[in-house]
Structure formats: C-alpha cells, structure tokens
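Got a structure for you, questions after.
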Amino acid sequence: MPSKPQVPGLVKGLGVTFNTMMQTIKPKKFGGGAATVQYPREKEAPTARARGVIALREDNCTSCMLCARSCPDWCIYIEGHKELAPPRRAGGAPRKVNKLDRFDIDYALCMYCGICVEVCPFDALFWSPEYEYSEPRIADLLHDKEKLGEWMETVPEQPELEAGAEKKKK
Amino acid sequence: MSDVTDLIDRQKLSYIAAQAADARLNVELETEGMTLNIGPQHPATHGTLRIIARLDGEQVIWADPSAGYMHRGYEKLTEVRTYPQVNTLINRIDWLGSFANEVPFILAAEQLMDIEAPARAQWIRAIFFELSRIANVSLFLGDLGVQLGAITPVFMAFRDREYVLNLIESATGGRFHPNFDRIGGLKDDLPKGWIDETKQVMKKLRNFCDEIETLLFGNEIFQSRTRGIGVIPANVAQSYGLSGANLRASGVDWDLRRDQKIALPYDKVDFKVWTHPDGDAFARCWVRLQETREATLIVDQLLDGIPSGPVMAKVPRIIKVPEGEAYVSTENPLGEMGYYVVSQGDLGPFRVRIRTASFNNISIVPWVLRGVFVPDIITILASLYFILGDIDK
Amino acid sequence: MIAVDLPYWAQSLLRVLGGTVAVLLPAGTIVYLFLFKMMSFMQSRLGPMEAGPYGSMQLFAEVGKWLQKEDIQPENADKSVFKMAPLVVLLSTFLLVAAVPFGPDAYFTDFEAGVFYALAVSSISVLGILMAGWSSANKYSLLGGLRAAGQLIAYELPMVLAVVGVVIQAGTMNFQGIVLQQNTGSIFGWDGIGNPYILTQFVGFFVFMIAVQAELTQTPFDMPIAESELVSGYMTEYSGFRFLMFFIAEFATAGVFSLIASVLFLGGWGIPFSWFGWTTADSVDNWMNVVGPLIMITKMMALAFIIMWVRFSYPRFREDQLQRFAWKVLIPVSLVNIMFTAILKVAF
C-alpha cells in the first residue's frame, strides 16, 4: 500500500520559521509579539524570591558574626562594639547593647548564595529582587550599612506557600 | 558481535591507511599534514576545550583533546569549606542544569549522617532534578543547530528555556544557581500557584520539542550530516566509560534512575528509557530529544502526586557530619555524576572526589575522531555534548 | 537616454552614480529588511530598534563603526594580496550590475551577449575569495578558501546550464531581448500575463536559485564560512573597512543575482505589454523608465526573501555532500531541462 505522500522535511522546516515570523509580527492584542522585552524601556519584574541584593535591618543585628563566618567568599565585613544602655526597669542593671560600627557587603565578591540570610538567627538580613545597582567603579560595589538599610524598602512580602506545605510555626 | 569486530578492524585499518597517506604525502610532495588547533577559543567547543588535530587535507589523522583550561580547583576548594558552602560551589560545575549537581552530594552527606529527608522534599527534589534536565538538554537541542549551521533553533531553545528558568527562580530565587538542596531536605517550600504554572510550562516545552523535531530533525540536510557519523559501538562506549544519553544511543539500556535504588521517588512514576541501536551522532541527538519530552511527562506525574508535609527533617543547627565515606551517583543531564565524600567529623568534608560525566565522555574523542572530515569533528563533538565546567571542574 | 542629448562625460558620470546606487541600494535594503529584521522575527525577537525609528539607521551605524576601526593585518600575511582580495570580490559585483537593464532605455550597456558576459564575470569573485584565503596566513582561512574554490567552481556549471534553457526559449542572449520576449509573449495564445519563463522553465529556475545560493556561500552551502568551525573562514583575518567590503559584496551580490534572476525568469522591469498596448521596445512609454526600476526592486526583494528564508532555516552541507549534489544531481537535471526545452522549442 503506497504511503501518504510526505511533505519533505525541508519544506516543513521553512514552515516553522515562517510561522515564527508571523507570530512575532502579529500585534500584541492578537496574541503575537516578540519573546523579548525592550530593556531599559520595558522591564520584566523578577519574582518575589529572586536573589537580587541583600538588605540589612540594623536594629536586629547583634554582631554575632555568623553571616561573616559562613560566607563562602568572606565578603561581609562587620565591626561592632558594646555599649551600656539604661536598664529597662528602674533599679535594674545596665544592659549591654550592641552597636554596629561597620557592616559592609562586597558585591564584587558576593556569590548570591544566600547562606548569610539563611544562617542569621535574628532575622536581620533579607533578600530583595533589586538588580540594577551596577557601578562604573568596582570599589563602589562595596555597600555600607546605610546603603544596605536603604535596600530594606525594596524587600517584598514573601508569597504564600503551595497547598500541602507545612504551616510555619510562628 | 562480528560486525562490531569488523567495525573496530575497519577503524584500525583506516587509521593505518591514514598514517600511510600522511607518510606518502611527506615523500611525494615533501609536505606534512597540517596540525590544527581547534580551540581553546572556538565557537564549537562549548567553552575552552582544546583539540589538537593533525589533518591530511580535510581528513583527521589523529586528534587529542587537551582539557584543563577551565580548571577551578573544586576538589581542593571543598577541603576548606563547610557543607553549605560546598553546596553553593558545586552548583557551578554543570552550570546549565545546576540543581542536578547538588543532588548526589546531598544524598551522600545524608547517607553519612543517616538522615532521611521527608517524602515531600524527595518529590520536590525529583521535580527540580527533571527541570534541570529539561533546561540543560533543551539548550543542547538549540546548540546542535548552531554547530551544524542552522542559526534559528538556538533562539527557540533560549526562548522556551526561559520559562523553566523563571519557574526555578520563583521557587528558589536563582535562575541558574538555585542552591536549594539542604542536608535533610530543601531550603523552602514552593510558592502558591507553582504547580499549575509548571504544568503550563511543560506543555510549552512539549511544543518546543515538536518544533525542533520538525525544524531540525526532520530536515534532510541534518540527517545527511549526522547519520552514520561517529559510530560508537556499545562495548567501546562501555569500555571508555561513557554515560547518559551517549551510552543509551549505542544501544545499552542503562539508566540510573531506574536501575538504582535511590531516595528520589523514581519508582513511583512511569517513564520510558529511550535507546537507539545505531550509536551514531543522529542517535545521540535523537535520544536526548526524546529524553526531554520524557522529562516533561515525568514532571507532570510528579506534580500530581506530591505528598504534603514538611520539607525539612530535624537537623541540628550546626551540621557536623560523622566520620565515614559515601559514594552516590545519579543520572544527571550530562551523564552519570557521582560524589565520593570522605568525612572526618568536621564542619566540612575532608575530601570530595567529583566524578563528572563529561570528563569520561570526551575520553573517547581520540578514538572516534580518526579518519573523519573536519566538519564531522564539529558534528561529533556537538553530539557528544559536554560542558567545560563538567570536564575541568 | 532621454530627450536631452548629454555629452559623453555626463553620461558616464550618470552611469557611475547609477551603478553605485544600483549596487548599494539593494545591499542596504536586503541587509536591513532581511538580515536585521526578518531574521529577528523568525527568531522571536525584534532586531535593532534603537538606531532610528525601528532600527532603520542601524546600517549606517554599523558602517560608521567599521569605518573607524583599526586596519589590522596579520604579520605573516602577504600584504598586497591581502589588501586586494576584498576589492576583487566587490569588483565582480559592479561589473555584473552593468549588464542588467532597469527599463526600456534605463540600462548601463546593451550587450548582445549579456547573459554570457554576466556568467563569465561572476566568476571573478572566486579569485577574490581564494586570494583572501591564501594570503591570510591562517590555517582556518586556508581551509575556508580551499573549500570555497571547490564549491564555487562546482556550482558555476548548474548556473550556466540552467540559464541555457532560458536562452533557448528566448532565442537571444541579450538581457533586454529576454525581457521583451517575456512581456510580449503569450501562453498558448493568451497574453494576459505575458510569458514569464518561471512557468515553463521552473526546473531551470529551481536549479538557478540553488546555484545562486551556493555562489553566494549562503547556508546551506556556507562551508567556506562555516561559522561554527572556521570562525568566518576566508574572512577571519579581515576587520574594519576590508570586512565592510566583503559584507557589502556578499549582500550586493545577493541583490544583483536576484535582479538577474528576475530578468531571466520573472519578466524583468516589465509588466505584460498587452496591458498597455505596447508591442516593441520603442513603443513603451517613457514613464516606464522610472517605474521599471521600482518593479525590478520589488521582484528582487521577493527573490532575496526566498534566498534569505532558506539561509536562516537550514543547517549546512558538508563539502563532499555539496559537491556530490552539484555534480550528480544538479548538472544532470539541468541537462535534461535543456534537452526538453530544445525539443519543445522546435516542436512548437
């Protein structure tokens, strides 16, 4: 029994490229358009968990140095000193409070692995999806305490978890 | 069996004939064959691989790969890092399917610590493992076109691979280097809506596989470039230590996901292991295409059956792995990847030996490149599919 | 040319300017429309969008970029041959466009043996490519140059033989004569669309387009360039202005070959004369001298579209496969085509 006449693969291949071209030319409201965005005029929003930059909440940090120790590149520089603060209730002993002098993260070395954020026991470090902080000079990639505090504004709400996940014990 | 011996004899004869031709040339024209350096900077070598080839006209007399231009010293680095830090580093060995690099290491460490990750974690690990396979091999399908001259499939590959990378980013935070696996489970659970999104993406990837099949594999020019080129018989493949799709394309039915009892739930899903009897370049490319499609079907099945529960077992805050040695190898996108972890009870491993698939895969290059034409070198290298980070670590 | 009687030097000047425009305009349009935009659309992206509206000035930006680059010559290269090679390749394009007619009176020269001249002159580019390959002192360029020599010479023959069928059917080797024959001809007595030779010579058209694709070293016949193996083949060591000349030559030759193909197979600058009641070359109105070039450009764009479409969709042949294809498939097919054309020409 003669088999159905096959369209040669060469012609079908031409059809695929032609269809892709037509799909790109079709205007957006008919479902067409390119697969790319015209950066920097339009920007794609990264997801909420995207690892863009690390933000520091200074109030929570106690200079325990866990993040600096666990960084694979040793790119976190911390210096702090202890001060005496007035006691909480009258008649009590003065409290030792930690004051951060210096908390720098060198983004020229950072591998964006997230070990520091995960390891911090006091919830002082957060991930933020901001990614547009490139500098003409490498030295400017060392973000100091103030700059890391500014990134806190860009930290998004963490999304809800998928069905079946264990509820977080708070 | 005799036709394999015939093939080997023919290869030997063609090798001897090529050497004789070289000698004859030297006498007749007082010329030598030409020694050509393919690489280390070359569009075809997937990175900085150097192949020193001696050519007689356009035919190869012998070819020697010279790897090491991208050596980063991983095994030495792991000696001075803790387990979470090692996990971050090894993401970067096979950088296209990154999650797959973490899995055997974490499984080896869990074996040493005698910890079992909860069921939900194992299922999600398997899903990410297959997603990394899809991300890796879909790039191969596009790259294959570029090596052979078709410049369009690679854009389709990158376009459709973006969906997978966005999925991985929405769950782990990193597109290329997720750093998601932890000893005892996973870092986080999945965000809301991830399962439905993944199902949509798997449909798109199946469309992509069909498109590539029409555009590239159905093309008569592609078939005449790849059929019968670089034939590797099954016993030669096994003796050189090939693994993954290269082995299956020579007819050897060997898949570690099915043949090895491993913590990941591959015994709970149905999947087909694709083999091809020919062992030529077309077979290797075809097997990888079918594997990509199969991976999307595996992900669909895994998504339907994720058990609920925690994603992290009870693990101490500071992880100290007890003394011992463990070796775990898994069916990674490039082949068989294994980690031999030696621990002396410290915060970090004492020694990690990384058995990577591409290192063994290119050991066959001198054998298979004898007597082929220069364009066929590119075809064969493209079909063997190695990643430089995997070769050089 | 027109009613004004121009002195010879003015005519020559017009010819030179016209020739430059006739070479650069198709090159520029093909590069922008097809290479920048069509290839991008086929790859789901938009192509250059920044330079000018929708990236229309991108070509000028690129030309400017190449012009201001350093003139690098390899130390071991044969300097004079290295410098001459791009000029030789571009030279053949200019010589080729001199024979193509753009209108009833808008032509550069009216050769009696136009077809013969065009096919002969198109082989000069082979010399240029060989010169580039050998003189670059680079093993990759050498491989590319040698492959090019074999390929381009092999595909000259199918091109010539495909055109022979058209010459037999038209009865003349003069390009203007071929155009007139097609536009005044009739198919079995019906002269609604003239007699474009693509209908009767479809085999010849097919073979000619394949041979043109090979002569331009476009995929699937781009072994001499073979970007993933030879990193630009014979053009590897060229940068800046010299590379610009190769680049222009590649697309200008694509445009000129499309012009020639449209003259030979699609009826050239003409629309069927029966629509306007013309009968001979002299009876054609003068406004055809302005509309003719526009019609030629449209037909050239259509053919260049096909050439580029195939270029972006297919992988490339290995050189022994493409030699086999030329000698064992294309030449016998075109010989059979000539045989049939001759028989039918005598019969009818």
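Order of writing sets the chain letters: A, B and C. Residues in each chain are counted from 1.
Operating definition for what follows: a contact is a pair of C-beta atoms (placed from the backbone, for glycine too) under 8 Å apart; a residue touches a chain by one contact, two chains touch by 3 or more.
No experiment lies behind these values; they were computed from the predicted model shown.
S.K.: If you count the C-beta pairs in contact for each pair of chains, which pair comes out on top?
M.R.: Highest contact count belongs to chains A-B.
S.K.: Going by CA means, which chain is nearest the middle of everything shown?
M.R.: Here the chain at the core of the arrangement is B.
S.K.: Which chain's centre, taken as the mean of its Cα atoms, is farthest from the centre of chain A?
M.R.: In terms of C-alpha centroids, the chain at the greatest distance from chain A is C.
S.K.: Based only on mean CA positions, could you tell me how far chain A sits from chain B in angstrom?
M.R.: The mean C-alpha positions of chain A and chain B differ by 28 Å.
S.K.: From the mean C-alpha coordinate of chain A to that of chain C, what's the distance rounded to whole Å?
M.R.: Taking the average C-alpha coordinate of chain A and of chain C, the gap between them is 53 Å.
S.K.: Taking each chain's centre as its mean C-alpha position, how far apart are chain B and chain C in Å?
M.R.: Here the centre of chain C sits 44 Å away from the centre of chain B.
S.K.: Give the residues of chain B that touch two or more other chains, as numbers and ranges in rising order.
M.R.: Those would be 152, 156, 159, 215-216, 219, 221.
S.K.: Could you list which residues of chain A touch at least two other chains?
M.R.: Chain A, residues with two or more chain partners: 10, 13, 16-17, 20, 35.
S.K.: Quick one: which residues in chain C touch 2 or more of the other chains?
M.R.: Chain C, residues with two or more chain partners: 42-45, 312-314.
S.K.: Going by the contact rule at the top, pick out the chain A residues touching chain B in the complex.
M.R.: 8-10, 12-13, 15-17, 20, 35, 46-51, 70, 72, 111-115, 118-119, 127, 159-166
S.K.: Report the residues of chain C in contact with chain A in the complex, numbered from low to high.
M.R.: 38, 40-46, 49, 309-310, 312-314
S.K.: Spell out the part of chain C that touches chain B in their complex, as residue ranges.
M.R.: The contact residues of chain C facing chain B are 39, 42-45, 139-140, 143, 219-220, 222-223, 226-229, 231, 312-321.
S.K.: Of all residues in chain B, which touch chain A in the complex?
M.R.: 81-82, 84-85, 88-89, 120, 152, 156, 159, 162, 166, 169-174, 177, 179, 187-195, 211, 214-216, 218-221, 223, 306-311
S.K.: Okay, in this complex, where on chain A does chain C touch?
M.R.: Chain A reaches chain C through residues 10, 13-14, 16-18, 20-21, 23-25, 34-36, 38.
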